[in-house]
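Pasting a structure below so you can have a look.
Lettered A, B, C and D in written order, each chain numbered from 1.
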Amino acid sequence: MTRPMPNSRSDYVVFQAITTRWFDNDVYGHMNNAVHYQLFDTAVNGHLMSAGVLELKTSPSVFLVVQTSCDYFGEMAFPDLVTAGVRVAHLGESSVTYDIGLFRNGASVATAQGQFVHVNVDRETRKSVPIGDDARRVLTAMRTDI
Amino acid sequence: MTRPMPNSRSDYVVFQAITTRWFDNDVYGHMNNAVHYQLFDTAVNGHLMSAGVLELKTSPSVFLVVQTSCDYFGEMAFPDLVTAGVRVAHLGESSVTYDIGLFRNGASVATAQGQFVHVNVDRETRKSVPIGDDARRVLTAMRTDI
Amino acid sequence: MTRPMPNSRSDYVVFQAITTRWFDNDVYGHMNNAVHYQLFDTAVNGHLMSAGVLELKTSPSVFLVVQTSCDYFGEMAFPDLVTAGVRVAHLGESSVTYDIGLFRNGASVATAQGQFVHVNVDRETRKSVPIGDDARRVLTAMRTDI
Amino acid sequence: MTRPMPNSRSDYVVFQAITTRWFDNDVYGHMNNAVHYQLFDTAVNGHLMSAGVLELKTSPSVFLVVQTSCDYFGEMAFPDLVTAGVRVAHLGESSVTYDIGLFRNGASVATAQGQFVHVNVDRETRKSVPIGDDARRVLTAMRTDI
């Protein structure tokens, strides 16, 4: 196990506030580790939807998740308010890797952070297809390395 | 099946804004019917916690759910913002019945509404015990019928 | 709050074994009340799918949930094995009411039981449409009152 | 993104059958990526509980998750039956790394696979403590590299 250093809010580009729920807490009284991935999905797809490049029922192509990971530096729990920060770490022909940080209430460093790899596929055939120009523009604006 | 009329926001006493999540949507592209109950729990317990009468790890008594129900008048979906309204419909010696309404974004009438019955039990023995004075004061303030 | 008597296994017609999960347990160490509705959905739709009358991507009509309720008589918890029993309580022109019982491990009476009302709607317009002959045959075979 | 090769069933040591649920499927009609982590938790903790080395309410130490990851090679969906295979990849003084594979129905190679790192902590202080002898015996029997 290698452990990254926790990122700061300023390491991310777009942010989304997510309210926690009673049932996010498992038997240990803290947010279950699987919930973090619900928040990753929400932060990434929420931004794509609000930017107009993901439409649930009609987009000819959709983004499927092929790899995810998360490091948990501390505990979160209902009724915390979580802020999710997202940036694009890598943008390929048909895939995109997001870095995501989850910040508990007013925390300045990430309580948990992870990666999330989307591949753009045809909705019917599920074959990978190039990311379109509109989505590419939105994703490029989420990079911090250029 | 008998169907109640949808309530208005003014029928409830305390309110909580809850963000939806990508995974709230099921294969039909709308919030799965089980998610509404996650929101009920969150609205009720969230208010009890913020009012200081439910402490997850130390309260000698806890509220267990013995009956729930929900009528779905319309569909909700991520990325909607849901406002949950809560009132106390009945307050007994050791049990309390909540009415809860879920309002989709700016809706003035409930998109879904339900009931939720809590019984106050000893944390260890799980036997019902009278609701304490502090909790009773908070719950009484959530009644609209007196 | 009125409380029904717990049913027996013999009150139901079709059965499905459902494994519990670590995260079904909430902070009280028992299955959260919202999980029961995930099991209801699974038992009902699972039977419709295995009977060949619900096909997720191509059915012209789908069943949407308009009312649900549950009574909790006892606690269940991971790693319990739950058996869900289902029968049809009422079958209308375009709607069907299911009774569902959840039995913890070897229990002979229901640990929780509830109702679940489906309305058959056109997939696109979401207007109610009559239940087709094939589905009606499957649903009629789940009645115990005729 | 580097991608591992999918493992076979024979690469794992202990197995658990897990039934899928209607609500595991998201809007794309397949198991949402966060659900895989619910199955990881279930497979690992289920084995520890059945082996008698994790008792939810009384163990003085508990295992908290500090790192997780998953590669998705193919899609799964309700009503699939999933078999989770687990082995111990690394066993340290107070931490243990599990490899987990998820096999869809009769698949001989993993449909998804991941890692899951547990740290043994004191239940109250949440400080790491050495893994006890009983648990270490159970975990050692899950290694394939010795």
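Convention: a residue touches a chain if its C-beta (ideal position, glycine included) is under 8 Å from a C-beta of that chain, and two chains touch if they have at least 3 such contacts.
As the structure is a computational prediction, the values presented were derived from the model and not from experiment.
Contact tally for B-C versus A-B: the pair with more C-beta pairs in contact is B-C. Taking the mean of C-alpha positions as each chain's centre, the chain lying farthest from the centre of chain B is D.
One inter-chain figure worth recording: chain A and chain C are separated by 34 Å, centre to centre, where each centre is the mean of the chain's CA atoms. A separation of 22 Å divides the Cα centre of chain B from that of chain C. Mean C-alpha position of chain A lies 29 Å from that of chain B. Looking at chain A, residues 22-23, 25, 27, 29, 32, 34, 38, 41, 56 sit in touch with two or more other chains. Every residue of chain B that touches chain D in the complex is listed here, in rising order: 22-23, 25-27, 29, 32, 34. Taken together, the chain C residues at the contact with chain B in this complex read 1, 3, 27-28, 32-35, 37-38, 40-41, 56, 62, 64-72, 75, 90, 95, 97, 117, 126.
Touching chain B in their complex are the following residues of chain A: 17-19, 21-23, 25, 29, 38-39, 41-42, 45-46, 49-50, 56-57, 78-79.
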